[in-house]
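One chain, subunit A, appears in both complexes that follow, with subunit B as partner in the first and subunit C in the second.
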Partner chain A sequence: MSGAPAQSMSTSAAPGAGRATARTPAPLTGFAPWKDPSKRPIVRFENVVKRFGDFVAVKDCTLDIYEREFFALLGPSGCGKTTLLRMLAGFEKPTSGRILVAGQDITELAPYERPVNMMFQSYALFPHMTVEQNIGFGLKQEGMPKDQIGQRVEEAMSMLELTRFGKRKPHQLSGGQQQRVALARAIAKKPRIVLLDEPLGALDKRLRQTAQFELMGIQERTGTTFIIVTHDQEEAMTVSSRIAVMDHGEFVQIATPGDIYEAPNSRYVANFIGDVNLLEGKVVKVSDGFAEIDWGGGLARFKAVAPEGCASDQTVWLALRPEKIHIDFDKPTDASNAVAGKVVDVGYLGSISHYHVELANGQRVKALRTNSSRLVDRPISWEDKVWLEWPPETGIVVTR
Partner chain B sequence: MKRFTWFNATSIALGFAFLYIPILLLVIYSFNESKLVTVWGGWSTKWYGELLQNEGILNAAWVTLRVAVVSSTLAVILGTLAAIVLVRMGRFPGRTLFSGLIFAPLVMPEVITGLSMLLLFVAIGLDRGFWTVVIAHATFSMCFAAVVVQARLYDFDKSVEEAAMDLGATPVQTFLQVTLPIIAPSVISAWLLAFTLSLDDLVIASFATGPGATTLPMKIYSQVRLGVTPEINAVSTIMIGLVTLGVLVASYSTKRASQRQERELKAVDAGAK
Partner chain C sequence: MRRWLLIAVPYLWLVVFFLVPFFIVFKISLSDIATAIPPYTPTFDITDIGGFLSQLDFENYAFIAQDSLYVNAYFSALKIAAISTLITLLVAYPIAYGMARAPKEWQPTLVMLVILPFWTSFLIRVYAWIGILKKEGLLNMFLMNLGVISEPLTIMNTSTAVYIGIVYSYLPFMILPLYASLEKINPALLEAAADLGSPPWKAFWQVTFPLSLPGVLAGCFLVFIPATGEFVIPDLLGGSETLMIGKTLWGEFFANRDWPVSSAVAVVLLLVLVVPIVLFQRNQEKQREAAR
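Right after this comes the complex of A and B.
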């Protein structure tokens, strides 16, 4: 648990400047079809359940995905995200429920009858065909004339910088090139929806970051709806317009990356995305939309925005991002939440520093500070007594 | 392991001698000038010439070849289908029984297979001849074909087939355009194996055959009972050559396919890193 992901850092306010953070961040772009009631979803899962014997892989999932979205299904392995994707591709049949694409029920259709194409985790390239034949395979099945196939293959290859490799076989390519061939093959038929099953899982970290931006570029240029399955939260944050966080076959939260990070609806989501402090406490009273929370151990109560349906005596958790905590030597004046502690650990990363602060009740809190000036009179160090402070709007109270 | 000792050398020499001296003798005596099989009369290829005049043996050879081609083709088709069912269908009720039934003929004594075949043909009133031999051979060599193809299917990435279907290929198109080309080397070696098995089978063929469908091994066996002629040596030598060639090509193609696959896998791994 070291360091918040790079992307989340940039979507949130500057670390250490918690005061300036708005409660709900404005969306990065104006693209938000899920908020527009007149828009019809391109994909709809309706009460979809999938059982394998006694094991329930997907529990009653309902989800709308809109045209041109880059939608991420995020969760640990075994959470049902791949099963959901495979049901959309037609490789698995839902035990109950319906799947609709553009209003048409496709639940009973075979994989080869569906307007979706998939990019596989293992790439699943045809080993006996050249790159060109791989990319043109889907078009050939459609019965497209040869010269048109050549043109479309050419187009897809130039989009993914594969033109030089057209005559090669998959085993003569590097992993990154194979990944691009797999993507080119999935978009060659110009499907309405492209499914990506852990598409970058086999690449090393540096290549993966380049590939993420390439994916986004392709998605934007083709105007296709992309649905990606990943267990990598940074990847989901980077590429997607919305994320569905899954756990044990259920959606825990479906929201934009910004909302997922800044307004998680549960401890699970807060923990899964980025670095977070979870402070347990009991609600003492609720007034004016703020809750006063007692966290025991003789510490001062703290104030936070009360979630809906929050009542007195309820056990709640405050999810507080390390970069939103202000850390200093002096006791802040006029702060609604301030607590004293002792520094037990310092991690200096150059641009930022991490501090682990132990409070009087033994709880440890992580705080983060940008090193904005090169020389500091007296840096915060081990055993220092410090004050932590955060405005009531920066933390999110979750009840589960 | 690599140490040379006289004991090792002797045991290897004895072992090979035990296995191959009879065959070597047969091959040498097929080039014997003398009419008497056991008396050496100098080098000659005259018995190969005589062989070309012997209609009985030539007919038998032609029958054998036809039986082998048809039955091995049949065996490979059935064996491939059986292998696909076993590998691809996952668990289904009776799977263990099914695989047991497919592989039982591997260990079944040939006499029993032949006898039961004969009983079946008699019971359903099928006239014994060319086709009954074909059916009998296809039955026993199909399990060998299934084993060979099954091995290849096991290390075959299933998502390659899914990708083909995802791109619009029906199951039949997927099989013809993707699965079959990928498993082709093992299908070819399965065919060669079945071909070789059919070529040299005597026991099952003698049970299943009827008038006008005498195979070469049967012909040789019946002639030997009347006395060995140098012609038999010649035809046997040709058969040994054919069978050896078949086995060599089969094992070579299997080896090359697995080497190529290993190379491809290595390239993929190296690329992924």
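Right after this comes the complex of A and C.
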């Protein structure tokens, strides 16, 4: 204990360089305007607050979204993500703060004056109009000549494979077709920004996956900025360039899907995205960017990359993805983190197997193994004594 | 068997309370006036069907077709009904729109308030308008006290009074179907219209009004059809210059005691109204199909 302050000093002294290399880098896409200080955002939320009576839906949100981004607002229902989107569309007015599009303050503009188009969760297709009329509605408001409207509608319909349905009314279409009409209507005006409010929520799972890729394809082809609101983490991970994870009207983390998954900044984010083991422990000492953590119950201390501002005696959580844990019968040699346990549950999914392993302190850890070989001499089964091992850089220590 | 019974009940009802009375009226319209009880001849005689049938003719129909009084009364009634239907629509639409946009918890109360006048007899409510509209009535007193007018207005016993009476009496029949169709419109549709660049006043004509058309049609028929045959309102509020077929029919029946002619007037009125009634039924049918 006496050495604790000195240890924490050494953390702050140690530059983040060691940490950065220790972390698994996010998959690089080459597209990262948010890292380029010369780029100006197309959408900027500036200290935006929205109150409904006593309820604070959005708490002081500041966010920059860049051109051609596919930006996801992700969170459970009631986290304020839809309110944020509706404020950008103009259906709600911020209680305070400003919203800028391409540098222009649009906070006071009416919805019909804004350069954004929205795809509604309920699709909101006009039931008394045909598919063509629905898609051409926005163009008609601009006062575009009829033949040009026809051309643009044709273009949008062929992009979404709706050409055959042009003369139908919305109620004569399937859910998937209606969803495509709603999208076609939102992109027909070629707006700078397309807003998508749970666009695929009404589709079944299989259709949703195809629709996600279609959405990405359209976004790429049109080169438009898409902002999607969703509560489905898989959907957000699949489609977006960056994700803002929200909780109770605040951003918890704004990062690329890779960073969100591999470097969550809190238990909330780690839990919300994918499967995770959260192991609680106390920091014993910090050195060379690594923290030694005691998780009680007489188990061996484990080593993990120390987050910034991590000090001795602090309660922390190790977020460890199941697929990053190596599970085996034999005790690994010279592993920095190894712990023994008993298999209590096995889930065989074909391509992969899940294992629930109970440790000596009663804690349960999920591990995952790909079934790469077809036949195994002795598969891991119930009641087996196994060893879990993971390199120190695979887990992420979070302090909140 | 049970199915058959189920269908039989409404049909039996229609036969007993609509078809049979209609045939009685139709038969009277083919008879001649007589000083007797009942005041027409021939009366139905089961022993001499041939003789009975030979005495029936279309004389009364020829009579009302030739007399311009009846023809004018029909046209006047249709005109008054059409104009008052239009006025009722213009008055009812904003009310129904406001109701549909009101907070959800208020809407049942508002609907109740629209229906509330039905708790008082129709006749008494029309009588009450005499007290309001007459020379020394409430309206004139009010306007004169305000200094808006110096001489009392003559509204009572004019067609203006008839229009006021019809619009007032039939307003709920217009409001309720309008409200029902406006209330069903998904508010997201108006947001979508705004989002695509349509300001509210344009969005009303592009989205709200077309979607409320079934309600508009239903309301118009519900006002137009009974207003055409209306007799209480023109009788109580209207003057001698307000000609309506309902009033003529009433006079023919009770003042002249000419049952055959008044029956013929009634049958023709029914034929005149068959067209809007069929259109109304079609509109309802279409709505039901759209709902499915």
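Just so we're on the same page, the second predicted complex is superposed on the first by the 374 of 400 C-alpha atoms of A that agree within 3 Å, B and C clash if a C-alpha of one lies under 4 Å from a C-alpha of the other, contacts with A are read in each partner's own complex, and residues count from 1 in each chain.
Convention: contacts are C-beta pairs under 8 Å (C-beta built on N, C-alpha and C of every residue); 3 or more make two chains touch, one makes a residue touch a chain.
These figures come from a predicted structure and were not determined experimentally.
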Simultaneous placement of subunit C and subunit B on subunit A, clash or fit: clash
Touched partner set for A:347, first subunit B, second subunit C, both or neither: neither
Partner chain in contact with A:112 - subunit B first, subunit C second, else both or neither: both
Subunit A residues touched - subunit C or subunit B, whichever exceeds: B
First (subunit B), second (subunit C), both or neither touched by A:141: both
Which of subunit B and subunit C A:122 touches, first, second, both or neither: both
First, second, both or neither for A:296, with subunit B first and subunit C second: neither
First (subunit B), second (subunit C), both or neither touched by A:217: neither
Touching partner for A:379 - first (subunit B), second (subunit C), both, neither: neither
Intersection of the subunit A residues that touch subunit B with those that touch subunit C: 89-91, 110-112, 116-118, 120, 122, 124-128, 137-138, 141-142, 171, 185, 189
Of all residues in subunit A, those that touch subunit B in their complex: 89-91, 110-112, 116-118, 120-122, 124-128, 137-138, 141-142, 170-178, 185, 189, 202-204
Of all residues in subunit C, those that touch subunit A in their complex: 186, 188-189, 191-199, 202, 206-207, 210-211, 290
In the complex with subunit A, residue positions of subunit B that touch it: 157, 159-160, 162-170, 173, 177-178, 181-182, 263-264, 267-268, 270-273
Residue numbers on subunit A that touch subunit C, as the complex places them: 89-91, 110-112, 114, 116-118, 120, 122, 124-128, 137-138, 141-142, 171, 185, 189
